[in-house]
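I have placed the structure first, in the form of structure tokens, so that the comments after it can refer back to it.
Chain nomenclature is as follows: A, B, C and D, assigned in order of appearance, with residue numbering initiated at 1 for each chain independently.
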Amino acid sequence: MIREQPTVVSLDGDVDFASRKGVREKLLGAVGPGRPLLLVDLSGCGAVDSEGLAALLSVAQAIHERGGVMKFCSPSPFVERLFHVTRLGLVFEVHRDRRTALESF
Amino acid sequence: MSPFDPRRGSARVWVPASAAFLSPLRIFLERSLEAWLGEALVRSATEELLVAVQEAVTNVIRHAYRNGPGIVEVALDLEERGEEAEVCVRDTGRPFDPASVEPPDFAHPTPGGYGLHVMRCFADRCEFGRDGRTNWVRLTRRVRAASEIRAETT
Amino acid sequence: MSPFDPRRGSARVWVPASAAFLSPLRIFLERSLEAWLGEALVRSATEELLVAVQEAVTNVIRHAYRNGPGIVEVALDLEERGEEAEVCVRDTGRPFDPASVEPPDFAHPTPGGYGLHVMRCFADRCEFGRDGRTNWVRLTRRVRAASEIRAETT
Amino acid sequence: MIREQPTVVSLDGDVDFASRKGVREKLLGAVGPGRPLLLVDLSGCGAVDSEGLAALLSVAQAIHERGGVMKFCSPSPFVERLFHVTRLGLVFEVHRDRRTALESF
């Protein structure tokens, strides 16, 4: 079986109200034409707030509309709590580390 | 804006209502809490308080001032014997009744609408009010490690 | 304290007169200048302005309030078309005449006595005054890269 | 010729009004009994102000009184400018890098 290879993007700055446009552009710009497969590595990101999560959700929805898949890996404990209280951890597929996430595609 | 309270042990900031000032504000509050509590500061509680404050400030920028000009005041209360940090965010934009806002529809997630919910989850207390022409949100959170409290009161 | 000027593009902070707040203050000013000027901010000029401000605040803590309780106000002026940053440090401690202070004796260095000299060297302008019961020092420094200024005015 | 080996201390935090006591203690605590030879590496230090320089001068004077020598290395361009405007660059022996400083003892 040949496994499809997702595009991996590491978010390294803040993911919040101030940076939401740049985050959207970075993620949507990273996937090529065709069916997008995207893995977002959160290990290095700075401050995250609900507007940042909203930007991630809007990207996930755009990718889903194109028949693609977007997953996450390596959230900090704080980002895990934010996924938890917003219930977005139930909507997004979030993996503990990058290896596990890559194997899931 | 409320008159200035020169009590020792409180820090206050005024910034333009602009997303560019979220980062200066957040780091100022974080460093001030460190200056105040040092090793006794609980990091995880601080992260949650700071994101709750950021949600409040973002709402002031987007909704109270509708992305137009305005000033946001943020006051951090540093009561020396307290175990809690209290952050009060004030604006002079349009009034707002938080009771009129529906909670998020978790079954049908939309990009947005989580701000008030995050504030309530991450603060121990979250109160809203209006004095004259000033709106305020007061966020309270225990941020000092319990062992430190005990060591001080015995 | 002077009345608040609600003009857009200025940031203001009040902190307790304590050495612990030098770091929150410095990083707030630095991040605010970054928020304002971005890539056009000249790092070396900013470092010098920020240490000049720190000298002024340290003098307020040590001399104006004699290491006792007090509030320090620091206002950063972010004029949108200006090439200069202006920082005003205010206190309500004892009055002070900078003209009465001897310059450092460079031939016989002592541990101390360099603060005013550093302020004057690292700011483009350094003015002192008193309004009512408030002392102020205003430090001005060009911090925006020249190419940016030209690009804007042509 | 056997060269004397100085104690090398790297200052990594701020060297200012807030930290001056800690800086003094760190430097004076690092030299043993006898004639103190101290090299202070400034490459990693944070904010420096005139009160920080005053603390360094007071340590240098204490070491000098005990017949010892204190030198500096690797100042940032900003710290060099601060040494310059206070003329303390004329009082202190400051070397560009650690190797040159060590060879000078």
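Everything below uses one rule, namely that contacts are C-beta pairs under 8 Å (C-beta built on N, C-alpha and C of every residue); 3 or more make two chains touch, one makes a residue touch a chain.
No experiment lies behind these values; they were computed from the predicted model shown.
K.L.:
Go through the assembly and pull out the chains touching chain B as well as chain C.
P.N.:
none
K.L.:
Distance-wise, how many Å sit between the C-alpha centres of chain A and chain C, to the nearest whole number?
P.N.:
Between these chains, centre-to-centre, one finds 42 Å.
K.L.:
How many angstrom lie between the CA centroids of chain A and chain D, rounded to a whole number?
P.N.:
48
K.L.:
Centroid of chain C to centroid of chain D, CA atoms only: how many Å?
P.N.:
One centre to the other, that is 27 Å.
K.L.:
For chain C, which residues are shared contacts with two or more other chains?
P.N.:
20, 23
K.L.:
Going by the touch definition at the top, which pairs of chains touch each other?
P.N.:
Pairs satisfying the touch definition: A-B, B-C, C-D.
K.L.:
Over in the complex, which chain D residues touch chain C? Could you list them?
P.N.:
14, 16-18, 47-51, 53-55, 57-58, 61, 77-78, 81-82, 85-88, 90-91
K.L.:
Any idea which chain B residues touch chain A in the complex?
P.N.:
Those in contact with chain A are residues 19-20, 22-23, 26, 44, 47-48, 50-51, 54-55, 58, 61-62, 104, 106, 109-115, 117-118, 121-122.
K.L.:
Which of the residues in chain C come into contact with chain B in the complex?
P.N.:
1, 4, 6, 8-16, 18, 20-21, 23-25, 27-28, 31-32, 34-36, 69-71, 78, 92
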